[in-house]
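The following blocks contain the structures, represented as structure tokens.
First subunit A sits with subunit B, and in the next complex the same chain sits with subunit C.
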Partner chain A sequence: MTSIAKKSVIGGRFPKPDSPDKAVGRTRFINDLELPRMLYGKILHTDRPHALIKSVNTERAKTLAGVHAVLTGDDFPEVKFGINRDNTPLKKGKVRCIRDEIAAVAAETEEICNAALDLITVEYEDLPGVFDPIEAMLADAPLVHEDRPGNLSLAYKFDHGDIASAERQSDVIMDHVFNVHYVTHCCMGTSSVIADFDTDGKLTIYTQTQYPYNYKMDLAPALGIHPGDVRVIQPPVGGAFGSKLDVYPFEPICVLLAKATRRPVKLTFSREEEFINAPTRQPARIHLRMGAKADGTITFRDVDCILNNGAYTSWGPTTPYVMMRTFSSLYRVPVVRFRSQAVYTNNPYAGSFRGYGNVQATYAAAIQADMMAEALGMNVLDFSLKNAQKSGEVSPQGSRLEDCVFTECLAIAAEKSDFVAKQNRYQAERNRPGRIKRGIGLASSIHNAGGAKIHKSDGCGSILKLDDYARATLITGASEIGQGIDAVICQVLSEELGIPMSDITIVNNDSAIAPWDVGVHASRTTFIAGNSARRAAIKAREQILRAASKQANVPQEALDLREGWVVQDDNGETVIKLDKLLRQMHFKEDPELVMTTDYYEPPSEPETENHVGDMSAAYSHAVHVAEVEVDTETGEVKVVKVTSAQDVGRIINEMGIEAQIEGGIAMGIGYALSENLQIVDGLVRNPSFRDYKVMTAPEVPEMELHFVESHSKTGPLGAKGIAELPTIVIAPAIANAVHNAIGIRFLDPPLTPEKVARAIWERDISVAAE
Partner chain B sequence: MMASQSKATKNAIDDYLAPATLSDALGALEDGEATILAGGTDLMVQTQSGRVGYKQRLVNIRRIDELRGISEHGGRICIGALVTITELLNNTLVAEKVPVLAAMADKFASNQIRNVATVGGNICNASPAGDSIPPFLVLDADVELACLRDGKAATRSVPITEFFTGPGRTVRASNELVTGISFAVPQAGFIARFIKSGPRPALEISAVSMALGGVVENDVFRSVSLSFGSVAPTAMRARKAETFLTGKKLDDETIRAAVETALEEVSPIDDVRASIWYRRHLVGVYLRRLVADVVQG
Partner chain C sequence: MSCKVEIKFTLNGRPEKAIVPVDLNLLAMLRDMFDLKGAKYACGEGECGACTVIVDKLSVNSCLTFAVDCDGREVRTVEGLRATDKLHPMQRAFVDHGAIQCGFCMPGMIMQATHLSDTSPGLTRDGLKRGLEGNVCRCTGYTKVLDAVSDAMNTEGVDQ
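Let's look at the complex of A and B:
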């Protein structure tokens, strides 16, 4: 009899199970899929932001050889869909932004589709457009939707305490307007979908969606079919980052083409189409006021946000829901007033994007915190420590901060980066000669880390089975969009069942098989799906150990599962091989197969209509320190080093956390410095990677990552969600560092070389003039 | 006001040829109805986006060995049209005689693009932001062209200063092929430098690029040549600033006045990459930097 010691895979370093296939090019994305008799679809998008459609002539396109269908809005009854029920698949009568879909073609090749689109002529009567949300609110502004007076789309408000008395208690009040810009997700895989009807009229849709179950519910009304008759297949995706959290018109259009042709149809965006027609991050004008006492205690925050809704409503205009959490819970804020209005314009429209409003809110809040500290003559570290919440505190909106390590994150990030000494030194060196100035900046952030109860359920289902060879299959509702839930679930199952990770298969790509999940968003998947998988595994473990106990006549509590064996827990001595036991269970007279299910609902609350409620099962903080070099002649900002301290609850897969944080930082640096979807008069000026500048490998700085383990009481094995915080917090850290280097604040990102050079030049001119 | 939407760029080809010899290629171009493919790094993007339509015939010239190679004879260096940017970066003759071309190649696009993009293609694309053009301008290079005339190959050389007529436009006739670019081996003591804007070390289309060449003797600048990219409809020589700098001692006052002169010569535009203000600002920043760099040798 041999002995097997107890080992844990939790906290280890594991590549994602799907990475070898991706590395060798074997992964089959939607672009690689071809169904028999499949046609291709293409959409004619408009080329003007606001116009009446006088006529659409598709006759020549219809006669082109190889064309199977040409559709316009006139071919269908108008069915509204989307968050505000303001969108339609193909537009009739009027176009409201350059994303608008005029006609669609299905043909035997993409080339024929493109040739057919060229043969379609559209006559318009141009209408005056409105592109600025403040102008759009004026009484005489053109209406984007005739049934939306004042162009108002969505408004939010939250009040906690009395602002007037908080103002009276304040020694210093900061008052600034921040304007955050358009950026887009830049997924490597462009938007793509395949629609396929069976002979019964049931739809199978191959999609990149990151919320397969609600996707059915949202898609079906646009098509006039029953959500139950939609089967969602999710092939691997080339990035999502929130962009696939809604239904966009290209998806129902592809389905309509499939219906019209009775053939499977695939519709894929070109890169240029992707830049123009995929969602953006929500831009915002944030008027932020914050008060503090002379000792640094924050007295209130008062926020007015105006959002450019664009022509239709996707998730972007709902991001104030998250922004208000930031303004009410980043630091201890006793009094809060929050207002936001999303206003229709003739711009393209925003969706959800990693951070979901928190990127925008934290940019403003963390810069203003730095300014407040400066105004009070305090170091921002001391100001932050003064106002950092501790475990057990409850925010004005009802976020209960359990397992809170904000103070630890601040201390670690500051100490490891030598923040205070460097900040003082760089400030002292600011006025010395030399074109390169160094600076260091710190920013803090908070985000939900245990899901977000914005739907009726924030749950996830799991089905676990073990076969006769002790191989496990976990069928989970959680989608894998690159974030790494596949590795996490394998680790959690391996931990509970004592089988190698390589013996575990995850199935999560078919809504006909996998149980419900709300979708990949809100940094929730490790927390929610991890908990659900673990609970299913614990049920299976108990079933196995019960059988082993009976067979070996050893108390169940004295047994454990290790490396494919049932062993004695105390000394690790082997009792029976797991696969043998499973076969004995299966083929005995009273057979039992090990199959378990679980539906996990996190212990969180939906918000009341006044926006109070403990909406996440956990919260976590991240503090970033960025060190930069500014070329004061060209205005180029180079991020030299980032030091990150983030509450991760407990490390499950260290490699996965590193990848998430490093990737999040790279994405956030792009937001801070270079990425900018330039939308002027409703037109996208830079729809290509040539002129839309994402970070490339050489600009990615040294990163020093510190994982702070708070051991969440509710998270799976203590883990918290981690994926959004790095993107949320890095940009204000960079802006604060640039201020430390050159003494100039940038309230409107991105800090492009031109913007920085111009600000330095203007300051030098005004200094010279004095 | 009525307006209509329709597109009409041709992105299909009727005929594809891949000649192996220069004379076959010239034959394929003779009627002027051909689009030429070399590295394809510009052509593919432009045709896919619909900005450029194919002519009826696509002629792939990449099999023509006569268009390859970098050589020196008769006091001139010749660079074949098909020489890739990577070859320019790694070539020993370039490193020894015209290191400014290697310095330019090091800033050109990305490794993947450099491996296929050609010198001839970068010149014929005639972008005002084309990276190779400012260095060739300061080298007083000639663009070598060939065509069939009465069934025989005919060649001509066009000074690169006269080659460009506007953004994307050159004096190349539709039946002509650029076979290479040549220039006199720089005189002893000639120093040239190249600079381009952009915080990204790779994949940056410059808002301003600049090359400066000349000989510094006893602190005095002679044989000055100065060129700019992205500040006018074509890459350009800054003749007035050159004249101003020639024979001068390179002190702060001279440099300041040279920047003033250069700014009178440029005509930058506001576009998606930079404003007029920023382009003019960078002209000053970069000219000061390049002069300081050349003075230091």
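Let's look at the complex of A and C:
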């Protein structure tokens, strides 16, 4: 009899199980897929931000050889879809932004599609456009939608306490307007979809969606079909980052082409189309006021946000839902007033994007915290420590901060980066001669880390089976979009079932097979899907140990599963090989198969109408310290080093956490310094990687990552969600560092060389004039 | 209809021929005519590197390379990198370092890294960063990519 010691895979370093296939080019992304007899689809987008459609002539396009269908809005009854029911697949009568879809073609090749689009003629009558949300609210502004008076889209408000009395208790009040800009996801795989009807009229849709179940519900109304008749297949995707959390018109259009041709149709964007027609991050004008007492205690925050809704409503205009939680819970804020208004314009429109409003809000809140500390003559670290919540505190909106390690994150980030000493030194060196100035900046952030109950359910289902060879298959609702839930689930199952990770298969790409899940968003998947998978595994483990106990006549609690064996828990001595036991269970007189299910609903609550509720089962903090060099002649900002301290709950896959944080930081640096989708008079001026600058290898700084383990009581094995915080918190840390270097605040990212150089030049001119 | 030409070339070690339109790019030929979907379209204008393949000793953006220009040359794609069941050392390093997330850019990234390894074995980490500058990755933040390439090339993983 041999003995097997207890070993744990939790906290280890594991590559994603799908990475070898991706490394050898074997993985077929949706962009690589072809179905038999498949046609290609293309959309004619308008080039006018606001115009009446007088006529669309498709006659010549229809006669082109190889063309199978040409559709316009006139071919269908108008069906509205989207969050505000303001969008349609193909537009008729009027275009409201340059994303608007006029006509669509299905043909044998993409080249024929493009040739056919060139043959379609559209007559317009241009209308005056409105592109600025404040102008769009004026009484004489053009209406984007005739049935939306005042161009008003979505509004949110939250009140907690009395602002007037809080103002009276304040020794200092900060008052600033921040303008955060348009950026876009730049998924490396451009938007792509394949639609295929069977002879019963049931739709199979191959999609990049990151929310397969509600996707059916959102897609079906645009098509006049029943959501139950939609099967969602999710091939591997080339990035998502929130961009695939809604249905966009190209998807129902592709379905309409498939219906019209009775052939599978694939529709894929070019990169230029992707820049223009894929969603953006929501831009915002944030008027933020914050009060504090002389000792640094925050007295209130008062926020007015105006959002450019664009022409239609996707998730972007709902981001204030998250912004208000940042303003009411980043630090202890006793009194809060929040107002936001999304206003229709003739711009393209925003969707959800990693961080979901928290990126925008934290940019404002963390810079203003730095300014407040400066005004009070305090170090921002002391100011932050003074106002940092502790475990057990409840925010004005009802966020219950259990397992809170904000103070620890602050202390670790500051100590490891030598923040205070460097900040003082760089400030002292600011006015000395020299072209390159160094600076260091700190920013804090909070985000939901245990899901977000924004739908009726925030749950995830799992189905687990073990076969006669002790190989496990976990069928989960959780989607894999590159973030690494596959590795996490394999680890959790391996831990509970004592089988190697390589013996576990994850199935999660077909809505006809996998059970329900809300989707990949809100940093929720490790927490929710991890819990669900673990609970299914524990049920299987109990079934197995029960059988082993009976057979070996050993109490169940004295047994454990290790390395493919049932063993005695105390000394590790082997009792029976797991696969042998499974076969015995299966083929005995009273047979049993190990097959378990679980549906996990986190212990969170939906918000009330007044936006109060503990909407996540866990919250976590991240503190970043960024160190920069500013070239005072060119205005170029170089991030030299980032020190991060983040509450991860408990490390499940150390490599996966690092990968998420490193990637999140790179994306956030782009937001801070270079990425800027320039939309001028409704037109996208830089729809290419040449003119829209994402981070490349030379610009990425050294990153020092510290994981703080708070051991969430509700998370799977103590883990919390982690993926959005790095993108949320890095940009204000950089802006604060630039201020430390050159003494200038930037309330309007990105801090491009032109903007920084101009600000330095303007300051020097005004200093010279005095 | 554009004029077509017959070309002969070596593709992942095997002799091949193809009749291609003169304006066809190499990426489209590989993907559509040889069903090699490893190299990806992600921008079509040489700005992102997702379509990187090796032609003779050069790494090229296959979206900007005419297929006809490959006549008589040796073309290597990510599918042809490993000669056995085992991963090529560069592929192994990318996997082991956790450098692959969504993985869409990785065939191009790995080909560029292999090219650097083959042609500039003594590169410093800063040199590597320059060498990979043309390959955009939206997931990883490049740190694990650089760790992987440094490891595969056995260079010092020191940040400057």
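Throughout what follows, the second predicted complex is superposed on the first by the 770 of 770 C-alpha atoms of A that agree within 3 Å, B and C clash if a C-alpha of one lies under 4 Å from a C-alpha of the other, contacts with A are read in each partner's own complex, and residues count from 1 in each chain.
What we mean here is this: a contact is a pair of C-beta atoms (placed from the backbone, for glycine too) under 8 Å apart; a residue touches a chain by one contact, two chains touch by 3 or more.
All of these numbers come straight from a predicted model, not from anything done at the bench.
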item: First, second, both or neither for A:Ser8, with subunit B first and subunit C second; value: neither
item: First, second, both or neither for A:Asn424, with subunit B first and subunit C second; value: neither
item: Which superposed partner A:Ser19 touches (first subunit B, second subunit C, both, neither); value: second
item: When both partners are placed on the shared chain, which of subunit B and subunit C touches more of subunit A; value: C
item: Touching partner for A:Ile120 - first (subunit B), second (subunit C), both, neither; value: first
item: Touched partner set for A:Ala666, first subunit B, second subunit C, both or neither; value: second
item: First (subunit B), second (subunit C), both or neither touched by A:Arg758; value: first
item: Which superposed partner A:Pro698 touches (first subunit B, second subunit C, both, neither); value: both
item: First (subunit B), second (subunit C), both or neither touched by A:Arg690; value: both
item: Which of subunit B and subunit C A:Val637 touches, first, second, both or neither; value: first
item: Residues on subunit A lying within both footprints (that of subunit B and that of subunit C); value: 270, 688-690, 696-698
item: Touching residues on subunit C, where the partner in the complex is subunit A; value: 31, 36-45, 47-48, 50, 77-79, 81-82, 87, 91-92, 94-107, 110, 126, 128-130, 132-146, 159
item: Contacting residues of subunit A [partner subunit B, same complex]; value: 46-48, 51, 54, 102, 111, 114-115, 117-118, 120-126, 270, 272, 633-634, 636-638, 673-674, 678, 685-686, 688-691, 693, 696-699, 753-754, 757-758, 761
item: For the subunit A and subunit C complex, residues of the former touching the latter; value: 13-16, 18-20, 22-29, 31-32, 185-190, 236-241, 270-271, 481-484, 655-656, 658-659, 662-667, 688-690, 694-698, 700, 702-703
item: Touch list for subunit B against partner subunit A, complex; value: 1-9, 11-12, 45, 48-49, 110, 197-203, 205, 207, 272-275, 277-278, 281-282, 285, 289
